[in-house]
Amino acid sequence: MHYVIVGNSIASVGCIESIRKIDQTGTISVIGDEPHPCYSRPLISYLLENKTTEEKMTYRNDAFYEQNNVKLMLGKRVQAINTETKQLSIDDGSLVDYDKLLIATGSCPFIPPMKNLESVKNRFTFMTLDDAKNLEKVLTKESRVLIIGAGLIGLKCAEGIRDRVKTITVVDLASRVLVSILDEAGSSLVEKKLISEGITCILGDSVKEFVNSDALLTSGRVVGFDVLVLAVGVRPNVSLVKEAGGEVNRAILIDETCQTSLADVYAAGDCSESIDCITNERKVLAILPNAYMQGETAGRNMAGEDAFFDKAMAMNAIGFFGLHVITAGIYQGSDKLFTTESGYKRLFVQDGKLVGYILIGDTINRAGIYTSLVRNKTDLATIDFDLISEEPLLMAFAKKERAHKLGDAQ
Amino acid sequence: MGINYLYPDFEVHRDREKCITCRVCERQCANEVHSYDAESNRMVSDDTKCVNCHRCVSLCPTHALKIVKTNHGFKDNANWKGDVIQDIYRQADSGGVLLASMGTPKDYPVYWDKMLINASQVTNPSIDPLREPMETKTFLGQKSSKIRRDENGKLITKTDPQLALNIPIMFSAMSYGSISYNAHKSLALAAQKLGIFYNTGEGGLHEDFYQYGKNTIVQVASGRFGVHPEYLNAGAAIEIKMGQGAKPGIGGHLPGSKIGEDISKTRMIPEHADAISPAPHHDIYSIEDLRQLVYTLKEATAYTKPIIVKVAAVHNISAIASGIARSGADIIAIDGFRGGTGAAPARTRDNVGIPIELALASVDTRLRQEGIRNNVSLVVGGSIRSSADVIKAIALGADAIYIATSALLALGCHLCRTCQSGKCNWGIATQRPELVKRLNPEVGSERLVNLITAWNHEIKEMMGGMGINSIEALRGNRLMLRGIGLNETELQILGIAHAGQ
Amino acid sequence: MKRVYVNEQWCLGCHLCEYYCAYANSGQESMVKALKDRTINPRIKVEEKNGISFAVNCRHCNEPLCVKSCIAGALSQVDGLIVIDASKCVGCYSCIMACPYGALMPNEEGVMQKCELCTTNTHGKPACVQGCPNKAIVFEER
Amino acid sequence: MEAYHQRLPLEGEERFPSGCAISGIFSRAGNRFSGRSAITSISVMHDRSNGLGGGFAGYGIYPEYKDFYAFHIFYYGNEAKRMCEEYLEEHFDLINLSKIPTEKHHNITDEPLIWRYFVTPLPTKLANSQLDEKEYTARCVIHINSVIKGAYVFSSGKNMGVFKAVGFPEDVGEFYRLDDYKGYSWTVHGRYPTNTPGWWGGAHPFALLDYSVVHNGEISSYDANRRFIEMYGYNCTLQTDTEVITYMIDYLHRRQGLTLEEVSHVIAAPFWSTIGRKSEEEQAEYTYLRNTFASMLITGPFSIILGFNGGLMALNDRLKLRSLVAAEKDDMVYLASEESAIRIIEPNPDRVWHPSGGKPVIITLNK
């Protein structure tokens, strides 16, 4: 049996680990275009912030590939899948046979058209380790950095480089920061924090054109800068499957076994579009835990088990300058709001179930208990919801359920 | 508030250097001695509430606590001692009978400590229990006085009902009510593991514990609490409680506050009503009445269960015992005056009855004089504190012994002697759920099993030393005992020679 | 694998487990030195409400969501034991988000820490188990 | 009398442990032979005695008086003799009375008056007592021994007799001129008391009716056994193991009617673990015996030879803490503490064995 995995990030690792739990003998080949062993992309901002090092960024220990007997083909790109012959053609001209194939190609930065963008010399995206290293090279204490995009990537980048540069300006078309994961109150809490940390946020505005080392904004404002970081958004890498005739929407369509519409071809991670377990809508849920669990599920199915991943949902844990934010699910239905002196909590209830939450600051402790309510679609009538709203406690569950949680391993 | 004549008996000493204000003392003290003072971030204590039960001391993770007897006192007076004066203050204050619990703390002679055990030298070999069998199995019950054979001359081996003990030690009566559910369960589990017996006391048998029937002695006392046919048949033996060493001649009183749903159900009495067992059995005003009850109970259980008659050790105990031995009873249990109680009038506990050692010796002698010692088994209790006490009791003539205080100590009791308050911090003498839960029967039974196992090892060791490898050869073997510091009368009653003789 | 199990029937809410845990993982010789005048951050926490109490610590799940959610690869499963490499942790709190028991808690520096069944200290049998006065916390195979 | 008042306490006044030598010779065919071989046998075990007591029991030695109880009595003084004979007159027909013939021996001194009476209970007295003849006789013997100071009945069986004294057993044999007695069964005892002056009554064999016991050992259960057996009319005046063992055997065998086999299951009961391995029926029987007569279990080391009319029983404690050897030659059976004591009278026996602990060896006359 030959398992081939295209892409060498989190989903890939999940896939390898799950295959090896079932099949210790089959060959596993990993083809990745980055020259590095699997590292955690979300850590690149921490690297610049010196909260971690390149060594520590490796997602598994150095012996990982050896221990799992994985054939690594790094710095190579797959150009096409031939589902007839079950072959992959590699950019070095070689062909690789596969029995089971996982596409975990992730996504790439999306760069909107901006006038004179090409004229900007110090222009970076912020997604890969190389992006981070390249950016690092040009940063000086005098740098004035302009970040386009006030989403997760843009803001983490801002946090990461804050102490290395003179000024940071974040520009976003949206009227508030982290619009994809926060409500207004949440956004303003984070924005306040950013401002207090010396970051300029220009919201509801966008770059009209670049002139020399200035960015002229639609509002007419002019932002001078030496370094430009583009963090507007990402695009799933779908071309391989698309060209092979697989069904693709915004991303590669997969079912709950993580299989694509193509036989023996699976997909996982940011390049895939899965079913949100709360809304039952197809979504790109480009977050790390999903990537791992999809890869894992794909791996188990590739190795012959029947595994389902039907727990895909949005969730984020992120922090800026010590202000922690944890969110999950969707923000619909009736809500329960709690504000503390240094935090904020909002719970969303729909059809007697918790469907989402936003926790900021000192309310984040034991958030996973809320997450489990969302993930398991727990009927709130079976627990003491008033109690658990106050504070996430196992106490809120029925005696029997508590005994189960404390008495048995999962 | 007026003048309080009573000063704290104990002082809580807290080593500030060691205290990490984990507040476990505060959480564990049902008497609310300890509290946390947020302002100073320190634990503070109210000595007046302390009963010296050591719960806080035992749980303090840094050993920052100790409880010391106050050295505050009255002017020395050999006659009017401090506790005497305080008792008077208490009664002048309350106008009531002084209540106390557990065995008397008064300084009466302990004859166990005035007897020494023999060992073999040269003329016959001591036996090593690690290499040779050493038997402690004991049967309790009437023995046939004449053997019988069937028409083919085969022995007829059917006997009166017997209790078989792996070790001649049993847990004596403590009622569910005076002690907690978990204490009872600990005793039941331990008795089962050890192949011995525990005793329900007068409070009936909780339905959960019927499963331990094979190792249970069910008691019938003057209050008849919880007595019904299933109950009588649930146990391996039935004990008629005529008296208790700690309070001979008076009945029992369990305050309504302790009678919760479970207990009221088990005792078959209303919730929160005081449970009062009369001083006498009102159907037993004389020995022939006792005989009737003995046979009533035998009838009720189809002669399948031995009947124990338990009496307190009083002055004419040997005559009483002789009467009981002829009443049809299979086993006589005698409770010495140092025996414990959940609650008794202090004056009775401290002044009524006689020591078990003397009672046992005179009863055994008397029954032998009358030639009826083999018609009845003798079980004694009333502060048996160690394996040595057990050996001495058996050598004096006991078939088996009853322990209760020792068992409670094993369960964590620290003899603070405030059972009557119902606030036992060790979860033993209380019915308050948050306190009862402090005694996990798994832990409790294990500690009981350990204790008895340890005693059994020591008993075997000393038996081996005497060259005896079966406990029945020790029973009544008074040559194995010598008195130390005893006068002629005491020696004569105990039926032993003085050391050196 | 032997795990720590909690039986709320016997939990007295004495909180000793928390203190023994904090001590065991303090690296200090004396408990007093380790804990006096400090707010402790144990890896086991007691929940209490109207007479009911029980301790919660890592269940060492067979399918550990925390490990699968850790963005830094700091959490891993070694022979069933869920361990954390604190030096890899960047404090993103994804594990807090993921753990259905709320068993992971940051230490005073905000770095994640978790119960590793006292395998990394000198206490042998988990200190909370040893310290529990009523066998409410046990360490056994189930 | 003065011999009765020693500075050291006597048997009966205190309990003495002692070591010993024993030997027994038995003719299954019932051939009668003199006491000489018993003397020879015991003499080789000289060092197991210390000259403070020795004695013999012979069975079948009084054929001409076989229907009468032969009482052998020590008297310390004539007053005792007078009182005792008065008592005998009241309770028995005295068929014949005489001094027991002895021969001066330089090692045997301080002898008391030694008399022999052949008696039978007075019919009227016996009837009034509502006891059987043996019980009646036994009680009279016990009465004399415990009540009449200075008188001591040391043999009281039919067609058998005990001969004992303070001294080495072989000398005792000579002293009593045992060459002149012929019996089908002899037992002999040499005593090694550890701290007694030894008095004649305290020597062994100890006998009641036709039971005689020679014993080597020191039992640790003594007082348990004594205080129990004394409930049944026995009075352990000597406080010796042999005495209490004899009484227990008398009680169990004669009065309870247990077989000697069953008696051994009481006094040398198997361990519970051993009983547990037996068949259900046996278990019930063994348990019944051990439980019913629990206080008659003998612990501590002992080897005994029980003599009775028509047989011998040898028994060891259940751990076999004392030596006991048995041998056979034709109809003859030999028992002794040491094999040498057998070889000297029977150099080549057909079979020699070591009876195991608690297992009785019972020999009886051929029918």
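Here the chain labels run A, B, C and D in written order, and each chain numbers its own residues starting at 1.
Here is the rule we go by: contacts are C-beta pairs under 8 Å (C-beta built on N, C-alpha and C of every residue); 3 or more make two chains touch, one makes a residue touch a chain.
Just so it is clear, the model here is predicted, and its values are computed rather than measured.
Taking the CA centroid of subunit A as reference, the farthest chain centroid is that of D.
For the interfaces B-D and B-C, the C-beta contact count is higher for B-D.
Here the CA centre of subunit B is 47 Å from the CA centre of subunit D. Annotation: 43 Å between the Cα-based centres of subunit B and subunit C.
Subunit A and subunit D have Cα centroids lying 103 Å from one another.
Annotation: 78 Å between the Cα-based centres of subunit C and subunit D. Chain contacts in this assembly form an open path, with each chain touching only its neighbours along a single line.
Chains touching one another form the pairs A-C, B-C, B-D. On the subunit A side of its complex with subunit C, the touching residues are 14, 40, 42-43, 46, 51-52, 56-60, 288-289, 292-293, 296, 315-319, 322, 324, 326, 328, 364-369, 371-372, 375, 387, 392-395, 399, 402-403, 405-410. By the touch criterion given at the top, residues 120, 123-125, 127, 132-133, 135, 137, 139, 143-144, 146-147, 149, 155, 157, 159, 162, 368, 371-374, 397, 466-470, 472-480 of subunit B touch subunit D in their complex. Residue ranges of subunit B in contact with subunit C, taken from their complex: 17-20, 22-24, 27-28, 41, 58-59, 61-62, 433-434, 437-440, 442-443. Within the complex formed with subunit B, the residues of subunit C that make contact are 9-10, 12-16, 19-20, 23, 31-32, 35-37, 51, 131, 133-136. Only residues 3, 5-8, 47-49, 52, 54, 56, 59-66, 68-69, 71-73, 76, 87-88, 90-102, 104-105, 110, 142 of subunit C touch subunit A when the two sit together in their complex.
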